[in-house]
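After this come two complexes, each holding chain A, first together with chain B and then together with chain C.
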Partner chain A sequence: MINDTVVALSRWQFASTALYHFLFVPLTLGLTVFIASLETVYVVTGKSIYREMTQFWSKLLLINFALGVATGLTMEFEFGTNWSFYSGFVGDIFGAPLAIEGLMAFFMESTMIGLMIFGWDKLSRGQHLIVTYLVALGSNLSALWILVANGFMQDPQGAIFNPVTLRMELQSFSALIFSHDAQAKFVHTSIAGYVTAAIFVAGVSAYYMLKKRHLEIAKRSFRMATIFGVLSTIGVITLGDALGFIGAHAQPAKIAAMEAMWVTEPTPAPFNLAAWPNQAKQENTWALQIPYLLTPLLTHTMDTKIPGIAEIEADNVVRIKNGIPAVEALKLLSANPTDPAAMTQFKAHEQDLGYGFLVERYAQDQDVSKATDADIAKAAKDTIPDVFTIYWVFRIMVAFAFLMLAFFVFGVIYSLRNDIEKHPVYLRFAMWMIPVPFLACEMGWITAELGRQPWTVYNLLPTWMSASSHSVSYMVFSLIGFVSLYSIFIIIEMYLMVRAIKQGPDVHHGANTGGHTKDKSLGGSVLGGSYAPVHAKALMDEQSAKEV
Partner chain B sequence: MDLYLGLKVLWWLLLGVLLLGLAVMVGMDMGVGALLRIIGKTDLERRSMLNAIGPHWDGNQVWFILGGGAIFAAFPLIYATAFSGLYVVMLLLLWSMIMRPLAFEYRSKIPTETWRNIADWVFLLSGALPMIIYGAAMGNMLQGVPFHFDWDLRSHYTGSFISLFNPFAILAGVLSLALALYMGATMMVIKTEGALAERARTAGSIAIVAAIALFAAGGVWVSLMPGFILVHSVDPALAQTPLTQTVEQVAGGLLANYRGYPILWLVPVTGFFGMIVGGLLLRAHRPATAWWFGIFAWAGVLGATAVSLFPFLMPSSSNPSQSLTIWNSISSQTTLLWMTGFTVVFVPLILWYTSWAFYVMRGKVDASKIENDPHAY
Partner chain C sequence: MKVIGYFLLFFVLAMILIVLAIILGDSAPWYFAWIIGTGLLILTSAAAGFMFDTQEDKAKGELQ
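Moving on to the complex of A and B:
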């Protein structure tokens, strides 16, 4: 018997560990690309300041990368430890992109990052640049394969259920990787990483400009980051629009929730600019509507119907009723895979198998044969995700995207006019912008994953069935463990990140020809040594460097 | 031979290659971590040890991640059943593993003694514990694990967490730790100098002697343990579930394959050969060659386990007929074909650039440079 509390705790654990992991991933995705661009400028122009910039941003990258790797380990194992039914059910398809991610991308990224950090003296400039590019390529390819896997959960393409092995099996690898959802989400997510890195670099550079430190590095970084940021933010918004368009076909319930559309409106449907959704009453307590806007915004036409929540729920009642015989037949096939009558029955109802599974939760003894109409109605209600949360989280994400776009546009203007230092209010604002892309990324995850509920694999496998059959005490134990460890980690990480930023870039001595200058400005290696004098020396060195 | 059957056997072998890569590369770094406080007496010595593997540990750790991913892709039911069944153990493994990257990246960034001591203890814990669990997990597979399935293949583990640390499993865990210490110590002899390298040599020698004794003891123990025999099942070449077979437990069953094919005795012999020759080479000041013989040692130990179990991967002690075998826990033919394609292209590539990375960073660690390099661990 499946325990509701265990399922709920498993969901909380997965969501919190995934959201935590996703705090570090976007910055790595974007910063590696940004650093590769910096190093390209260094190799092309030979100007040592670009080398210093490359090394400084690499230092911050590494602090972030360590936690990204560490928390990524959790994700790789959590499907098996906590979602074992899911893993057995779709592992034939879902496992492949994860394994390929390791083979093709993560291995390269992790091997090369060691050389990127330690190889400055051992590699030629060209070799080092290639290594840096491979790190950036590796992290972005990682994102591709992870999102191919996620794309399958959102819109399962290229697979079919095999009643003999009782699981989903891969039919077409190309359908899996070229799923529209996966492709659009890959570009959307990786570019969101570029936006994150651009805001991060701009914010840290703004801090230096306000403090009048490392001005050369800060100004150049800022200019590159804002240009990078404008382009990336436009990309994120465009691909976000494409995702909505794709979702309208693949996941109507998610789209209806994102737009708080309770009933099917006559086309072209109005757009709820702001609303207060009430799930129990299935209506908006109040709504600020713009007539006719939603249909063209979402479907890019004036007359495509967008189904409302009530209609989706009613359709799903029919699908659940049709799915119950599929589950019953499957039970017979499990004992005897060659039972011809059971196979015929299964084939006739196969397309609604997942909907049949949905009612297990409410049926007596969790046996679908005993499901009543009331149970079916409850299961159908489940097919509508949490409208209020999705509606608002989605809206705030979009608002953040436009806020960042405006921020970058001003940044580019000031930067090109070369009077950025005359705008201290803007610079201060730039520092406060740093958390915004991180929050936006988290909200994107929530929209995508909460919006997919009640499914882990859309239309095929309910979340409620997917969890491992642990005891509540095991789940409490693991949840406490993750929360305590991760809290300690984030404190150490933030401390080191802030400290590294305050320390600033390494200052090189002697003729900066891009050669193998030894750095002496960081005394971090002296055990028990004090930082204050070292820091002061770094600042003095910078002063003298400027005078030269 | 039937294509699907061929792929099943191929992926069983590839699973072995993967577990071997994991044991060798991750095990080496774990060994270094566990030895950090034992053979590294000063902070500089410890930093020399960390910097010796510093440029590579990140890449090596991917063997662990790839291990998870490849088992998921090729043996989804093993991934699902083993990882959820051994829940608490897997979490301990995971938690100790995720503390390690942070200890690496952050240890030398804060120059206080307390902080670095904490980091060193983290290295000890996150080096020793995962290797013990890795070995103990193998030990439990040999004995069988209490689990069963519902009609829809929902798995239920019915044992306790403590029962996973039974005497045989602990022996297997300590063997795994000993081999990891040997590999780590050998690498330290290669990469460091002076008194530190000498202490590493001593540690490596002790570890390999322990490993030989433990492997021998484990072998005797295995010969006395009951094993599992497939009495009735669907043709291995066909797609199947663990719900349609009959399995029995018989005395001495873990040696059945060796009795059937005596040439298989070469597998454990390879293990002893690797350990003995490796140990002698280490004494004879040939640490690089000794390290390579460590791979034979690992291959022999993992291979002997696999031969004993074949065709089982994870037998059920509480419901033997629902045991997981190669035939019933593996992915579909299409998935295996695609995975084979990617493996054929990328594994040689990985081995090539990993070797290149080691080549670029070749030579002893220069202790004097560590103090001046802000990026040093």
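Moving on to the complex of A and C:
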């Protein structure tokens, strides 16, 4: 018998570890690419200030990367410890991208980041640039494989359920990696990382400009970050629209929840700009609507019907009833895999197998043949996710996206006019903007994962069946342990980041800079920090050149 | 001879990229968009750095 509290605690544990982990991930995804851009300028121009910029932002990347890895490692184990039925059910498909991620992307990223940080005086400029690009590629490929795995959970493609082995089996690897959901989600997530890095760089640069420190580095970084950021934000919003378009076809219940759409409206449907959804009454207590907007926004047409929650729930009652014979046939097949009648019955109803599983939770003795209409109605209600939370979390994410776009537009204007320092209010605002993309990323994940409920694999495997059979005390203990440990990681990250930012870049440019002044007074320890040997060597080289 | 060698190398590279673009554009349009988009982002932000230097050099020249 599955314990609902254990399932809920397992969900909380995975959600909390994933959300903690994703506080580190987007910055790594974006900063690696941004650093590649910085180093490209260094290699092309030969100006050492760009090398110092590259090294400084790499130092912050390294702090973030190390803690990101620490928080990410546990998550893969959680699938086995807390979601053992899920792992058995879809392991053949889900395991492949995760294994590729570890062997191909993560190993490449981890190896190359070492060369990138410590290889400045070991590699030529060109070789180091290639290494930096490989770090950027590796970190984003890592995200790609994780999101291919997640894409399968959202829209299972390329696999089929085998009623004899009781497992999902991979049929088409290309269908798995080229699924529309995986594609759009990867690009959306990756570019969200670019936006995060751009805001982070702009915010830290703004801090230096306000403090009148490291101005040469800060102004250049700010210029490059705002251009990088404005284009990335446009990309994120575009891909957000693409994900909505794909979701409208693949996950209608999630889309209806995101838009608080309780009933099917005549086309073109109105858009609920703001609303107060009431799940118990299945209505909005109040709503501020814009007529005719939702249909073109979501479907890119004026006449495609968008099903409301009531209609989806009614359709799901039919699917649950159709899924019950599939579950019954499955039980017969598990006793006798060669039973032809059971196989015929299963084949006739297999498209609704997951819906049959849904009602098993409520049926007496978890026997679907004893399911009553009331049980089916309860299971159908479960197919609608938490509308209030999804609706508002989604809206906050979108609002943040447009706030960031406006922020970058102003940043680009001020930077291109070269008068950014004359706008202290904007610079202070830039510092306060640093948490915004991180929060937006978290909101995006909450929308995606909460909106997928009650499924771990959409339309196939309900969440309530997926969890392991731990005790409540075990789950409470491990949840407290994870939250405590990860909170410590966050504190360590914040401490190290703030310390590194206050310390500032190791400034020693001047020789071979094409006109940049040597300025050690701008702060930062010339020989301090993790770059001491590198910089010491550079300074000695400069000194030797002068002596000659 | 060296120029012809480079020409052939880049020509073959261009052909491979075109074939890759056709395949990716057909079955993986968003992945293709990511590759092109990321390259564009890197180059544009690098161009922003060059532009900043040019503006700074010009401003210094005017001061002198």
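As a convention for this text, the second predicted complex is superposed on the first by the 508 of 548 C-alpha atoms of A that agree within 3 Å, B and C clash if a C-alpha of one lies under 4 Å from a C-alpha of the other, contacts with A are read in each partner's own complex, and residues count from 1 in each chain.
By our rule, contacts are C-beta pairs under 8 Å (C-beta built on N, C-alpha and C of every residue); 3 or more make two chains touch, one makes a residue touch a chain.
This is a predicted model, so every value here is computed, not measured.
Residue contacts after overlaying the shared chain place A:183 against chain C, while chain B stays out of touching range. In the superposition on chain A, contact is made by A:80 with chain B only, not with chain C.
Set side by side, chain B and chain C differ in how many residues of chain A they touch, and the one touching more is B.
In the superposition on chain A, A:270 contacts neither chain B nor chain C. In the superposition on chain A, A:296 makes contact with neither chain B nor chain C. Touch criterion met: A:223 reaches chain C, while chain B stays clear of it. By the document's definition of touching, of the two partners only chain B reaches A:477; chain C does not. In the superposition on chain A, A:70 makes contact with chain B only, while chain C stays out of contact range. Residue contacts after overlaying the shared chain place A:41 against chain C, while chain B stays out of touching range.
Within the complex formed with chain A, the chain B residues making contact are 43, 47, 54-59, 61-62, 64-66, 68-74, 76-77, 79-84, 87-88, 90-91, 94-95, 97-102, 104-106, 108-113, 116, 151-156, 239-241, 243-244, 331-332, 334-335, 338-339, 342-343, 346-347, 350, 353-354, 357, 360-361, 370-376. Looking at the complex, you find that chain A touches chain B at residues 59, 62-63, 65-67, 69-74, 76-77, 79-82, 84-96, 98-104, 106-108, 110-115, 117-119, 122-123, 162, 164-167, 169-171, 173, 330-331, 334-335, 337, 468-470, 474, 477-478, 481, 485, 489, 492-493, 496, 499-500, 506, 518-529. Listed in rising order, the residues of chain A touching chain C in the complex are 33-34, 36-38, 40-41, 44-45, 47, 50, 140, 174, 178, 180, 183-184, 186-187, 190-191, 194, 219-220, 223-228, 231-232, 235, 239, 242, 415-416, 418, 515. Note for the complex: chain C touches chain A at residues 27-31, 33-34, 37-38, 40-53, 55, 57, 59-60.
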